[in-house]
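Please go over the structures that come below.
Both of the next two complexes hold chain A, though its partner changes from chain B to chain C.
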Partner chain A sequence: MNIRSQVSMVFHLDKCIGCHTCSIACKNVWTDRKGAEYMWWNNVETKPGTGYPTKWEDQDQYHGGWEKKGDRPINIRSTGKARVVPNIFHNPYMPSMDDYYEPWTYDYQNLFNAKEGADQPIAKPISMITGEDIKVEAGPNWDDDLGGSPIYAANDPNLEGLTEEQRLQLSSVERLVFFYLPRICNHCLNPCCVASCPSGALYKRGEDGIVLIDQKRCRAWRSCVAACPYKKTYFNWFTGKSEKCILCYPRLETGQAPACFHSCVGRIRYLGVLLYDADRIEEVANLPDDQLVEGQRSLILNPFDPEIIRKAQSAGIPDGVIESAQRSPVYKFVMEWKLALPPHIEYRTLPMLFYVPPMSPVMADVNGDLANHAMDGLFHSIDAARVPMQYLANLLGAGNEGAVRYALGKQLAVRWHRRAETVGDIDRATADRYLREANCTIEEADEIYRLTSLCTFEDRFVIPPMYREQAIEMIREPHEQKAETGFGFVGGPRRGL
Partner chain B sequence: MNQHFFDQFLFIALPYVCLFTFFLMTIYRYRVQSFSYSSLSSQFLENKNHFWAVVPFHYGILTVIVGHLIAFSIPRSLLAWNSVPWRLYVLEVTALAFGILTLIGLVGVIVRRATSTKVRKVTTVVDWVLFGMLLVQVVTGVSQALLYPWGSAWFATSLTPYLWSILKLSPDISYLAAMPWLIKLHIVLAFLIIGFFPFTRLVHVLVVPNPYLWRKPQVVRWYRRGVKKG
Partner chain C sequence: MRTKRFTPRAIFSLRKPKSPTPLCMVVLPGRVGLASSVAAATPVKFGLRLVRVCVCAVLWVATAASSLGQDTPDYFRQNCMSCHTIGGGRLTGPDLKDVTKRKDREWLTKFLLNPRGVIDSGDPYAKKLFEEARNVPMPTPPGITADRAAKLLDLIEAESKLETSQFKGAQVSTEPFTDQDRAKGRAIYLGTQRLGAGGTACISCHSMCDVPALGGGLLGPDLTNVYERLKGRAPLSAWLVAPGTETMQPIFKNHPLSSEEINSLVAYFESTTAQPPADSSGGQVTFLLSGLAGAVFGVFFLDSLWRRRFYSVRRTLVEANTGRGRS
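For the complex of A and B:
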């Protein structure tokens, strides 16, 4: 057993209001630069929808992630070892800017400088790459809130396996439904981007599992962009280097939540440490599709088990991190309650960002002008939900409904229980029946309710101590470090010479 | 008299200046500006013509350079190979074919950079100068293959000794005296490109990713170095 710690995340989709505050916070801090204008390390997509870059989930087009053929060990689907050398001059699966969008701004000067004429001057859109006029035909949220859904939502790869009737219902006006999927780098346990980098520029930090790109070693071979199935590594067209979400590690190291977490209006984001067994990553990544969700959970270790604690200590994990793992909200959501699920685990990168599947809208039984609450239940059965179970299963369960059904059932049970507690128009027996069916106790339901609805900053973000001050002493002379105010010699990212 | 000094400048002084610049500046740049070592790929900005320009160019130029290196490093073996006529023909035709492939690719690269407005934005003056030099170099190279055939033979007997004499620090340009101006131009430009190399995007050649094929797929870096290895 090789115990490591990983800063992991949970996004509670039932709480996301799609305000894009996270995207803006991230953009302002990290990617508001030349070459990075088109990058959204954090983006929020409307589902069903094609997302950003367009149809990123369609791996027949992008060839991202790991592929498993028969009994052979998994291999990188884009350019593995055998294929990287002949394809190094031209990556066959490299997305181009057209797959994202061409960033643009507006020619505001024209409002002031335009010659006097019969018409009001306008600020024309201009490309941020070429500076020339541009006809804006795509953007990072082009299909936001189902805009243009006959074109975009209808092409969502997650609709696979849905019946024609279900597809029609999804887009019919009366039953229209959508939810939001905020996405950042998943900081995977088996990252395809890292494994694909010919230069070895990408790496996973041993202490906290954050996946980073060494900007000085990146040589723009572009393999990571093609290999990441979530398309969360981006190519900076100006500096000629790839970039990605860094989980705001400078903020984490000073005890602050990442910018997107910190700014989240819906408070959907949770962050905490998980302990896992690194020796079994390869074994789990090779499991059949239907065992991947359970397999990944089996990697995550119980931080309360004295045996695990002892082994973690001998593996060099500081007591502060272990203590942090015991308070981790992610451990509760993923392991204790099994509410949070990894996105598209069939890509086999073992993402360490988990999503709580969203409940579809609560509906009253409408009969003519009367809204009747005395239907079979106050809440819809999860099978009658507007978002078909199969859709969520494609997104969060590698196509299998079991884990998604469990997570939705438990959320529903919590609602019944809390309704019985707070409003009291439901008898206790009904609530208890739902709890029993969902494999949930009253204590657990209350705890889920508290961490979902009443959670404070400290509940949501249990940031482990990173001990960077000690780490620095091992690799640098402290006086030198101090003289450089901790930054080292900083050179701006210049393109070429 | 003037011709003599001119030759000495072009074939003795210039090569040493260029080689010195090459070694000094590539090392200096790697140490001080390692961030700038990048292939500066533009595939992201233009992905339709990229394949048809970049791939022929790279496969062509790599084969041609390997050919030059063979003639430089093992001239005797090369001459032995050429002693049978059909083997000489195979070598010459292959060399010419890859030379033409390089030329097609290079023209493609230049046309692509000139026509795509996005790619033009990431093309510098240095890039254009480099493309110009490479174009002249490839054109003179292909022309030689056509005008002065059996280059694989005379390179090994005349140019290899000259190049070795440069390397051994006892330059001897008597081998070059009788060379046509086309070949002399090719030689001079070759040294100029070597000297210009550290100031251009060509440095990506030096950071080709060889350890990749042998390393473990996943890379883990520990700050607690010495305590534990990933």
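For the complex of A and C:
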């Protein structure tokens, strides 16, 4: 057993209001630079929709992630020794600028400098890359709130396996539905981006699992861009280096939550440390699709188990981190309550960002001109939800409904329970029946309720002590580092070796 | 840094050897860490580094110099024996036995340092030698210095006094060439048969009257009449034992031809003597045309290989679902 710790995340989709505050926070802190204009390390997508870059989930187009063929061990789908040379000048699986969008601004100067004329001057859109006039045809959230849904939502790759009727319902006016999917780098346990890099520029930090790109080592191969199935590494065309979400490690190291977490209006984001067994990653990544969700859970270790604690200590994990893992909200959502699920685990990168599947409104009964939304009293059964179970299963369960059904059932039971407690118009017996069916005790339901609805800043973000002074010891003398940090020339990343 | 092993790597390594902690492999320095660790080296460290660099440079120069100090007989064997013997008769160049008696040392030194220059200066004796060698000029001996020239002359003088000098030259067989020899020689010339010691095939640098397609290389002279130019079997064989020009010497110094290979090659060269030399202009045109054809083929091949390069997922999606092209 090789115990490591990983800073992991939970996004509670039921709470996301699609305000894009997180994206703007990230943009302002990290990517408001030349060459990075088009990057959204954090983006928020409307589902159903094709997302950013367009159709990123369609791996027949982008060939991202790992592929498992028969009994052979998994392999990177987009690259390999034999494919580097023929694709050296052009990688056919790379998203183009058009798949992201061409970033633009407006020619505001024209409002002040235009010659006097018969008409009011206008600020025309201009490309942020060429400076030329452009016709804006796409943006990072072009299909927001189902905009252009006959084109975008109708082509969502997650609709696979849905019946024609279900698809039609998704877009009929009385019944349409959408939810939001905020996305950042998942800081995967088996990151395809790291594995694909010919220069060895990407690495996963041993002590906290954050996946980073060394800007000095990156040689602009862009293998990671093609390899990451979530399309969460981006190529900076100005510096000639790839970039990605850094989980705001400079903030984490000083005890602050990442900018997108900190700013989240819906308070949907949770962060905490998980202990896992690095020796079994390969075995789990090779499991058949339907065992992946369970397999990944089996990698995550119980931080209360004295045996695990002892082994973690001997593996050099500081007590502070173990103690933090015991308070981790992520551990509760993923392991204790099994409410949070990994996105598209069939790409086999073992993402360490988990989503709590969203509840959706009940399917309406259209009766002449009247739409009846009430079913089964106050709450409806999860199978009558407007988002088909199969859709959520494609997104969060590698196509299998079991884990998604469990998570939704438990959320529903918590609602019955709290309704019975606080309003009292539901009798206790009904609430208890729902709890029993959802495999949930009253204590657990209350705890879920508190961490979902009444969570404070400290409940949501249990940031482990990062012990940078110990990590730096492996590279240089800590006192030297302390005395010399900040001296010398710090050059920004630029093209070349 | 304080490593005891005195290897260039150890000397030049800028940082401490990494600690063997396995985690170290995972924890690479971030941007800030790396930048400051290199930029903020203390002056003391820099001084140490400078000393190490200097020591290294001195060592390197010393070894380089010692490699020049190979002894004179070896030098003679490698550079002179392809054209000269001492007491073995004339090859391409004259027999050097008692050469110091035929001409004074001053003249000989001058000639050794720059044979071509002396010939071109119109010196009558040099001119005579040039004509006797059928207008094959003596190449400047590689790395010749006045000091080396003096040593060479000493050597020749000493060897001339001996009954049989070690530089009497190889015994060349006088058996007539067979068709098999010629065929093998041609194979060696073309490179279809590898040279035993791994030398380069002749065709890479030399052309020949009967070489097909693109012709031979253009770096060296045409070999069609080489047999005649170098005055027959014995001198040509001797030349091939240790080719003496500045271009050929480094190539064949460590990959000498075997006597059997030499025999075959000479047989082949003899058979082509009467032919007119290859017309290199035709080869050049073919070369140019095939290059152009290759380039055109390459462009189309890569174009089809990378035909998806202008493909855009988004635009294809939008166009397929609206039936409306992009303006």
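FYI, the second predicted complex is superposed on the first by the 461 of 497 C-alpha atoms of A that agree within 3 Å, B and C clash if a C-alpha of one lies under 4 Å from a C-alpha of the other, contacts with A are read in each partner's own complex, and residues count from 1 in each chain.
In this text, a residue touches a chain if its C-beta (ideal position, glycine included) is under 8 Å from a C-beta of that chain, and two chains touch if they have at least 3 such contacts.
Nothing here was measured: the structure is a model prediction, and the numbers come from that model.
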item	value
Partners on chain A (chain B, chain C) - clash or fit	clash
Which of chain B and chain C A:Q61 touches, first, second, both or neither	second
Partner chain in contact with A:P150 - chain B first, chain C second, else both or neither	second
First (chain B), second (chain C), both or neither touched by A:G320	neither
Touching partner for A:R205 - first (chain B), second (chain C), both, neither	both
Which superposed partner A:R222 touches (first chain B, second chain C, both, neither)	first
Partner chain(s) touched by A:G161 [first = chain B, second = chain C, both, neither]	neither
Touched partner set for A:E132, first chain B, second chain C, both or neither	first
First (chain B), second (chain C), both or neither touched by A:G496	first
Partner chain(s) touched by A:F235 [first = chain B, second = chain C, both, neither]	first
Chain B region in steric overlap with chain C, selected from 148-156, 166-174, 184-192 or 202-210	148-156
Shared contact residues on chain A - chain B and chain C	89-90, 95-96, 98, 203-207, 215-216, 316, 471-472, 474-475, 491, 493
In the complex with chain C, residue positions of chain A that touch it	50, 53-55, 58, 61-62, 86, 89-90, 92, 95-96, 98-99, 135, 137-138, 150-152, 154-155, 203-207, 212, 214-216, 249, 316, 471-472, 474-476, 481, 484-491, 493
Residues on chain B engaged by chain A in the complex (per definition of touch)	29, 33-47, 50-51, 54-55, 58-59, 117-118, 120-122, 124, 126, 199-201, 204, 207-209, 211-213, 215, 217-228, 230
Interface residues, chain A side, partner chain B - complex	81, 84-85, 88-91, 94-98, 129-130, 132, 190-191, 194-195, 197-200, 202-207, 215-216, 218-222, 225, 235, 237-241, 281, 315-316, 468, 471-472, 474-475, 491, 493-497
Chain C residues within the chain A interface of the complex	16, 19, 21, 23-24, 26-40, 302, 305-306, 308-309, 311-315, 317-318, 321-322, 326-327
